[in-house]
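Here subunit A shows up in two complexes: once beside subunit B, once beside subunit C.
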Partner chain A sequence: MSGGTSRAAARSGVLLGGGVSTRAPVTVLLAALIFALGAYAPTHFLSEFALRIGAGGLLLGILALSVAFLMSQAGLVALGAASVYGGVGYLFAICLSEWDLSPTAALLFAFVAVVVYSAALGALIVRTNPLAFMMLTLAAGEMISHSVMLEGLRDYTSGADGLVVNFKGAVFGMTSADFANATRFWPIAWSAAWGLGLAAFTVRRSRFGAILRAIRENEERMRFSGFGTYLPRLVAFVFVNAIAGVCGLLHVLNSGFVSPESLGLSVSTNALVAALIGGVAGSTGPIAGGVLFAVAQDQFGAHGFTQLLTGVAIVVFIVLLPRGVVGALLDAVRRSDRRGTG
Partner chain B sequence: MIALLIANSLALASLLIMLSSGLALIYGLRDVINFGHGALYMLGAYLGYSIALAGGFWLALLVSPLLLAGLGVAFEYGVLRPLRGRSHIEVALVTLGLGIVLGQALIFVYGGEARGVDAPTALAGSVRLFGLSYPLYRIFLITMGLGSCAALALWLRYSTSGLYVRAVSQDPSVARMMGVNADRLSLLVTSLSAAFAGVAGVLAGPYLSVDPGMDVTMIVNCLIIVVIGGTGSIAGAIVAALLFGFVQVAGSVFLPDLAALAPYVLLFVVLLIAPRGIGRGRAPA
Partner chain C sequence: MLEIANLSVNYGRVRALDGVDLTIKGAGALHGIIGPNGAGKSTLLDAVTGRRAPSGGAVRYRGQDITRRSVAWRRRHGMARSFQRTSIFQDLTVREQLTLIARHLGDDRLGDVIDAMNLGDCLDEKAGRIAYGVQRRVDVALALIGRPDLLLMDEPGAGLSAEETLNLFLHLRDLVRERGMAAVVVEHDVDAVFACCDVVTVLDLGRHLATGTPAEIRADARVISAYLGSAA
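On to the complex of A and B.
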């Protein structure tokens, strides 16, 4: 009986992310095992096509993670994820084709540029209220998506045609062809999902995460208690955009192509839906949501219903399953746990 | 030249006023920004297109807003009331989702290509005004826009229900304590703003075109206007719509290459100077 209680306590400790638990080393070991298995096992028994869908899902999941983090920790919904995701790809392509940078330098430049952009945008918009923030991110996203279509920038962006990204040499020991290969790309997408998921997890558990949540709950009280409320939200905004930037770079390396569609509102709403499907509270939820979304899109998308289903999914998940699939599963586990120990 | 510029920006602003004042009204009562407003406008435009084909423009201008008002009632009972207890962000996301569904359904029914609507014969030609010739339809559009703007102002200023709407917008809890039935007002305001979206949609047909991207373009423009005007401020929204129309039109005349970015530049300039917008909006509770 006592074994059952301590197990329940340990498990709820793991789930709630509280305190040091005797099960912690086991959990870490288990996670490492899942990570290692997941990185290589699927490349042996899944088809090329399934791997491609899966990796696409992981990338969407990473983008969803960036939306979900800001939503759950800061209470802010960003509708402009696409502008960073697609924008970083455009910058990377332009660095390669116009300025002849080496692939690694181009990656770095593009990443730093979107981080600077998001810091400037964030400085302007994070002090508004959450609804205005949502409207402003939508407007900023549309601005970026209009600007690649400008006649004056046509030489750089090729307007509606998009840009082919084909770099010479290697980045992190991988050539352009390696990135396009689904079997070689899967472990990269898998590791990135884990790495960024862990990064988000660590930030959530830190003092900074606690401050963010406190500001979300009551900004006035936090200011009254002597905390700055502006800088933490700005840092959070830059942090999630850095995640979206990494995601966009992985996407462009994998697909070898950037187009205006990658900047479209539908990319942002897809990420939002993926986050809602999985549940915005943790790191696992959004990433799992991305994979679920990609699988569902593969099943139903052929009929051109993806956007319609996206709209339906937003409504259904917010109204009926606000904690998402992963959140609902965790709730179920917790309930059965409570019943089991009496 | 300047007169033409002002006339054209007034024509654009007329549409924007009808849509963004509707957004601001709903926000004032329910603290919700209706992200599906662009889709309502698109529905109004496509309904207007179909009805105009069957029974002429004037019938469309009458029937489409009535149908939209009915949809507004459904929106109030089906979405806003059941979700009253949820956070405003969640409700806003639900309206975003519903807007996507409505827009996609319209594309599914009408196909992806743009459609043109002819102005009615009575408004087809041009007139000479102050020494320059100007399309009669645009003058009609401006009259409708400024007329609805005036009607709205008179209603808010002089009627009892208008007084109640202002009271709830200013301080919801005190207004409720004084016995104002916010639900009934919200029903009125939601159907009214949906009807205005219908009017704007029908009017947009001969002026712009009826096309699948019109909902997103319009909602983004309206959101910019609402933010510039100070969220929830109706007077602010009207001034911002006029400013927006002018910047958009002037941009396309003087800087055609960069005109697409003009509204965003305006938005960020206003935000730098006045982070809460130019009107006296109310911060959300």
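On to the complex of A and C.
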């Protein structure tokens, strides 16, 4: 058993990389164009209501991105995304109202706090099997959801009434009113979706992403190849919660309000459904799924059968498009490419 | 290189391995482990490589007690293994998985492993889509990365024909000598073990029965009685 070709290939470095596609510069240019158009064109053509629905969809898409990343990369389904999404909003509001922090300091504190919380929770639960992990994230999320309703914390959380978040000054050059303005908020939500999507894409394509996928696929072989499997899972868990944290902060800045509903299980399941509708394998799918879900909810609500139609739509999407809308589109493009070259 | 002292493993009330003592000495030697079903061969490998915690006894590797060391630690310190059921990354290409592990273990001579296991033609194939015999070679290749000092293989011939198994063993013997490592092979195919291994150990009912050269083992009355029977 021998062959000089692979040795030569390895020496030349081909073995360690896939080479640079000639399509890459065109793709980057196209992406930049879509980004620039998407950030500003809708603010000129869409109504404020449509922008509000769209921005809500993008935020749900970002939350879905956090859920989808963990599913596709680590094989773990988290049902506690809402605890971070809503929890960071509560922390931000409490920092402003109780501790008189500046808006920027409050944002940073809230973000760091949820990252630390995620690391502590992750340290306890990422070792478990996928089913136990899912139930533990659900349990942790429900505990936080119920804790804001505790009578002893009512002075801080206002119980079922929730907290109004109206800060003085500016955050990154924008006032509270700017964030509430749909036309001004849309480019922020759009940029955040792209930025976080790109971050997830980069991690997915990195060596760390490859390690995560390999652990998902065959954890035992990874350990027998000298890898620790605990830390990569923990880092992935913290990473997705950081995404959910940014999403929660954007939500509270935009809505100016945080309530127990934002911590509810329905927020987590909506994110999961949005991820499944769009497709969990990449960054575009979950974000597109979030927008589709938000638009569909609005349309279904207009007919008065929101839950019924949502249920039907979920079944139809998952059965007919198991790889999600974006996955199905990509499959169609690949089939078309093959027909073209064949 | 490897000293196994009074090693025992229990599965509940069943004693799968019962006070086994064994020494794997030389580099460049292929050490076969044979025995009937339930003899504790795979359990021995599991206990040595850290897959299963022993109930008693000790495993010493290069003079160091590694009984409580993690699987990953053992691998990083030169102890590799392959599995009875092929354990590869089905959804990654052969190139991706080999490269991932080579980078982690700091092995810049991956081309040698690819050549040694003749994998040059399937590097860009998803491992799940290649033939089973090639998957077995990928499995062994994953274990060879990082130039381990000690390679433990659990039935590398599982699922292969007698001829394929013999060829694999001959290749392994050459590889072990060429690389100067020690290898322990658990195998059902007694003919391949006797043809290729330098030393053979026989286990029976979780106990060590005999260790010696293939000729000594063939002639051992206890081994004939317990395992080989008149076929020897």
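Here is the rule we use: the second predicted complex is superposed on the first by the 304 of 342 C-alpha atoms of A that agree within 3 Å, B and C clash if a C-alpha of one lies under 4 Å from a C-alpha of the other, contacts with A are read in each partner's own complex, and residues count from 1 in each chain.
Just so we're on the same page, contacts are C-beta pairs under 8 Å (C-beta built on N, C-alpha and C of every residue); 3 or more make two chains touch, one makes a residue touch a chain.
Please read all numbers here as calculations on a predicted model, not as lab measurements.
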Partner chain in contact with A:G38 - subunit B first, subunit C second, else both or neither: neither
Partner chain in contact with A:I211 - subunit B first, subunit C second, else both or neither: second
First, second, both or neither for A:A139, with subunit B first and subunit C second: first
Touching partner for A:L131 - first (subunit B), second (subunit C), both, neither: first
Contacts of A:V319 with subunit B and subunit C, given as first, second, both or neither: first
Which of subunit B and subunit C A:G256 touches, first, second, both or neither: neither
Of subunit B and subunit C, the chain that contacts the larger number of subunit A residues: B
Contacts of A:G226 with subunit B and subunit C, given as first, second, both or neither: second
Common interface positions of subunit A, toward subunit B and toward subunit C: none
Of all residues in subunit A, those that touch subunit C in their complex: 1-11, 15-16, 207, 210-211, 213-214, 217-218, 220-221, 223-228
Complex interface listing, subunit A residues touching subunit B: 75, 77, 79, 124-125, 127-132, 134-136, 138-140, 142-143, 146-147, 149-152, 265, 269, 272, 305, 307-308, 310-315, 318-319, 322
Subunit C to subunit A touching residues, read off their complex: 49, 51, 70-72, 75-76, 80-81, 83, 87-92, 95-97, 99-101, 103-105, 109-112, 114-121, 123, 142-143, 145-146, 171
Residues of subunit B that touch subunit A when the two form their complex: 31, 33, 83, 86, 88-90, 92-94, 96-105, 108, 216, 220, 223-224, 226-227, 231, 257-258, 260-261, 264, 267-268, 271-272, 275-276, 283-284
